[in-house]
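First the structure, in the form of structure tokens, and then the observations on it.
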């Protein structure tokens, strides 16, 4: 083993490139021990510690804004793009933790590992966001997924939770298989797993684009991501898992990991498979429409708000895909912005659900919130704001997000796609309105007991509202940030 | 003051709303009083516009306000771009004028958590004013959508028994249209950008200048026109209106009729028509036909209604038919008729809804058959009702006539001769359904014992009606107050749309040969 | 110089407003009625002043502009008044007769609950009517035009608790609206027609001056005039739009006298006179006008033969007389038409007021005897001449006048019309025959009325018969004045042939002369023929009177026989030829049916059905798609695999 | 001489077997085994291709895959046990409580 090889390797290892996830993982392990040695049922301090951990991580990763760091022979890079998505995930995780403490106590699972798992998920998400090598992306994906499997099935003695966990696990692993096979094929053709490397190879010999192995590999790889972002026809796990999982986790899944998945998705597609743009746009056009339509139409008939929001998140993935179809700067920036916005509005909605849910959450149905507008006016207004944002009503952030994405589509000439998109959001109005109808236009059948109001959750809601409104009224700075994050 | 008058006017109600949120919910009087004061102050703020003579002299935009709002280099620029001209002026005034009346009308009508009601009213006012004064399509769209939300709750929470259906229908129906318009807006913007036009933001004045290819204009006009046609509403997109009107609380109906419907017509005049002038001729036959159908159809359907409020709602369809017909005439008379008819409809139909509200508060029913002979019990009410009825019928000397006459004449002088002739029959039908309703409600003997104990209008209710009556006659007798400030803007608009505003020599009674002596009465001022 | 013209409509307006707002407070009938009458009298004085000033003036056309009303683009409309011989005559009639009727009303309406309301309306009507006749452009005229419509609506519906009154009022307004439709269309066409020649105007003077721009007898001018004529038909109750006038008798009698006899209903005639230049240019229209007029005159007269309600008889006679006026206008006898308008205003007002006086008396009697018989039914009257002599005499005089007996006002005007309808180059001998026969019938039914009411033995219920008083002075004074006018009113227009110098015609010459000579409209014929025709028409009238006498005085059982003999014909005319029923069948019911269908059948089912249908379908699709989400792991996995296979396959093999 | 294609073919067949297994089998453990088969077929592909293209990345990848697979196995089995405690069954058709 000659020395300069090792030397080179040592130099290539640039820890600052993975510093945020490193910090987070470190905190996670420490907290694991803390929670082991802390008395049973006492988890509040763990929660706050993990929150602090996230803040620290946030500071660390923000530190590398505008000074990209590459590491591990270019298989990890901490550029603005990565940072942006990492921040999104961190925000998601932070909100999750804020809303979890009271929730876990109510549901009777005051267990510290929960928080460490959230942290690990976040770490994995950050890996995905910053991975430039299919290998690192795969690792991040798995770290994220494995922790999420556990979190989804976290309520051990609730069958719903188990089921959610298992379904997620099996389908996740299944899709991993495809993803890996795709990676293998790409590797076989190009001889590398580096995204940039693949692109270079294709540039060097264009014949590759017609190579069946290459095309098939690329598409198999993409299906893996499509599964994670819950795009039709790979969306089917979403409603069940979202419904079964603990509400904060559902919120988290709908925001953080999805954002990370989109990060990797974008990086791979735009850089690695740039050569296949035409084909990919064509197929994603259809997938986007399919996803939006299925999400919205099925949501119309839902009774359970959690499940309804699950379907709505499918449709929102569809909107995001529109941006990817557009394949232009504004479209991609739109996606980033949208993911950020979506984190706030969706998690805010779930936070409200966390508060108004009883133990076992059997009352999180549309009729369950009847009359809430008068019984819990503030919460009702908050939920309404989030729902309006999800509808895409100005002046909320949801409108801005949709606007940019559809703008991207229109600019790229996909006018019909945009039209179908807006028509879909017109359909979506109905089921969002249904919640408000029940909250305001109907009288409460029975008084739903005292909401287990706690400061942390309230804070998370406030943060979400501020985010939704600020990004709605002055989206400028955030868009600028997203623009800088693009490449 | 003058340089940010519009912002002040637009956002003052919003400010008021924030305060309302902090008033204890059980203090009903304070809530309503405060809201009334806020709306009155807003009216006062807007008054300088009405008295400013600049509108009479130049047709351009005045009271401009321009700030960069959102600017994402290379992607977009949205500006906070306000302004008002002769076309929007009177609609703004109508809004600020009708709001206090609407608030007053809630005094007895709204008991159930009036706090929310007042807050929503104020939010709504901001939305409406904003939509009228914004010159940036993006900004306009935001206000436009912002109006939906409060109205949705007003109908849904304080409405009648079928309110949920009505509210949701209203919301989704109007939203569908506006969402398509959104796509169109984006397209126009990018077309402008790609055609290298010098535009910053979505400012309509820049958009007026760029000439899109016909086929693009075709689709864009379709999108805009569809959205506005729903709002107007034009036949056959009108069915949300009767539901919304019948279910909405009185104040809601008044605002809906007086202002929200005008958004549609205003949208045509301000956006759809001048932005896509080449496509316009293609659509005018269709739109004119729909307007005429709307007139006849609305009248016939109104004639057979059993619910007074529904009757008035359908009559709105007919009235707005006149507005649209006049606007599509593309000449001064037509435009002026259309514009003034918008105001008239606001005044008259608003008044009618108030009147319906009065009897509804007393009897909690609106079925015509429930009434009869009310004139005995409520003479004052009867008189006011009669005046409003005839103004709605369009009796000369009242506002209704000026609008309908000019709209029809404009249509006739313009290319729409036969449409005008058919539409003129609407004049007959209007008399039929209004008078029949009046007869069945007010005339005859009191048959229903429930009506025996009816009280005549209270002082408050009379105060609510008086300002409207003043305008009924003002517009009827001296509409020039309004035309003087409208005309320049309309001339500019028409020239801009490539239509000569048909200014032939403005003749003068003095111009008639000396064979006939002409004298001017001492009171001959203001005559031109 | 004429700048105080605006005062004429202004005074009544003030009166109306004061009474309308404060009448309830004032209560005192003397004050209310007095004020209203005073206001009318003031405007009468102003009218006189202007009238005489105009007589002495060489320039016969004067416009006074108060201010601009609408100025939009090339449409400039002023609040302007026009004084020329025609409008001068009209204001004299309106204010003069109006004042008398106001005075009359004080007595007649005594004790009414809505006393102040009545006078407020009446004044408002006067104001509107004066606007109509004084307006210097079609729009100001139209204000009056619709204003009088409004007032007649209000006054017919004065007893609004009676359903019949409400219906009649509505009918009157709606039918008038049909006319207004014509008026507006005509106005639009005219404005456009002249405008396309470069003169955008609705001003009468300018229209008259620029009419020559249009092609004589051309389609345009014909259409314009026909449209305006439709308007006139509505206002002046001509076929086919006359049906509202008889029903309008639901209003108080003074209203019938003022609005539905003397003034408003003649507005149509006035309007044609105003636009005579245009009508003269359109022979087709003139012919139509003449025919419609003659037909109406005849047709209404037939119905008049069989009515028993004293006011209805007068109503149909009014329709018939208006027919004469239109006949006159149609054959180019403009001044004769206006002349008849004036004389008719005198004697018909007098007749109505007389009938009112009778009804008043009957009512008083029945009231006294607590009976509820119909005080308007002539079959309950008879022999009243002793009870109320003044009423009787004035009534008789007017009846003679309307029957066209020489030396009474009606004779001159009617005869002039008949002569023109025969001799004018726009006339035709058939028109003359119809007119003459109608004159005969008029004489018959009018005297039938007189005989049934004032002669024979008293058929009133025994308990009431002795309590029928003569009416108070406020009622009788107007009667006497009008009676006098009914006699002498004609002398200002004695035709040349009878040694007169037809002052009236000369007075109107500045208005009509131009049109007449430009289009060579004149009545030619030998004096012999004229005398002959005159004689014949008088003879026919006398025959009519004689028949009436034989039937209702000599042997009163005759009518019963006749009705039994010609039962069918009798039922037909008694039921007014079933025209109302026909209209209901043709227009009213279909409209209602269509409306109901459009609402319940179309609007709710189809239009709204589509809207809700879309929502329903959407939901349906959603519900369907839901079941793809079966909850079974395998289905999910299958879906994924299928997805992969399709996507990959699409590329690899597609 | 056995070329890389044979390896690829074999692994493709294995992958398909695994996929079909997942689609057809009911027992959760068996399904999980099938997934393992898929992953291992992928490993086989990697190794073959790594030999073919001549760099070590593929083989490195295989190690990661194996580790991950182990981790997944742990989590998956844990979840199945938890489910078994509640439902006394590991038949995948028994967990369809969440649907529509």
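Quick notes on this one:
All chains are identified by letter, namely A, B, C and D, in their written order; residue positions are counted from 1 within each chain.
The rule we apply is simple: contacts are C-beta pairs under 8 Å (C-beta built on N, C-alpha and C of every residue); 3 or more make two chains touch, one makes a residue touch a chain.
A quick note: this is a predicted structure, and the numbers were derived from the prediction, not measured.
Interface comparison, A-B versus A-D: the pair with the greater number of contacting C-beta pairs is A-D. Taking the mean of C-alpha positions as each chain's centre, the chain lying farthest from the centre of subunit D is C. Separating the CA-averaged centres of subunit A and subunit B is a span of 45 Å.
Between subunit A and subunit D, the centres computed from C-alpha atoms are 25 Å apart.
Between subunit C and subunit D, the centres computed from C-alpha atoms are 98 Å apart. With each centre defined as the average position of its C-alpha atoms, the distance from subunit B to subunit D rounds to 67 Å. The set of subunit A residues that touch two or more partner chains comprises 167, 170, 174, 239-240, 430.
The multi-chain contact residues of subunit B, meaning those touching 2 or more other chains, are 172. Contact with two or more other chains is made by residues 19, 22, 31, 92, 95-99 of subunit D. In summary, the structure contains touching chain pairs A-B, A-C, A-D, B-C, C-D.
Residues of subunit D that touch subunit C in their complex: 19, 22-24, 31, 92-93, 95-100. If you check the complex, the residues on subunit B that touch subunit A are 69-76, 113, 141-142, 145-146, 148-149, 152-153, 156-157, 163-164, 167-168, 171-172, 175-176, 179-180, 182-183, 186-187, 189-190. On subunit C, the positions that touch subunit B within their shared complex are 1-3, 5-6, 24, 59, 61-76, 78-80, 136, 139, 142-143, 145-147, 150, 153, 157, 160-163, 165-167, 169-170, 173-174, 177-178, 180-181, 184-185, 187-189, 191-192, 195, 198-201, 203, 205-206, 209, 591-592, 594-596, 598-599, 603, 607-608, 611, 615. Residue ranges on subunit A touching subunit D, taken from their complex, read 135, 138-139, 142, 146, 149-150, 153, 156-160, 162-167, 169-170, 173-174, 176-177, 180-181, 183-185, 187-188, 191-193, 239-240, 243-244.
Across the complex, subunit A is touched by residues 8, 15, 18-19, 22, 28, 31-32, 35, 38-39, 41-42, 45-46, 49-50, 52-55, 57-58, 60-61, 64-65, 68, 71-72, 75-76, 78-80, 82-83, 85-87, 92, 95-99 of subunit D.
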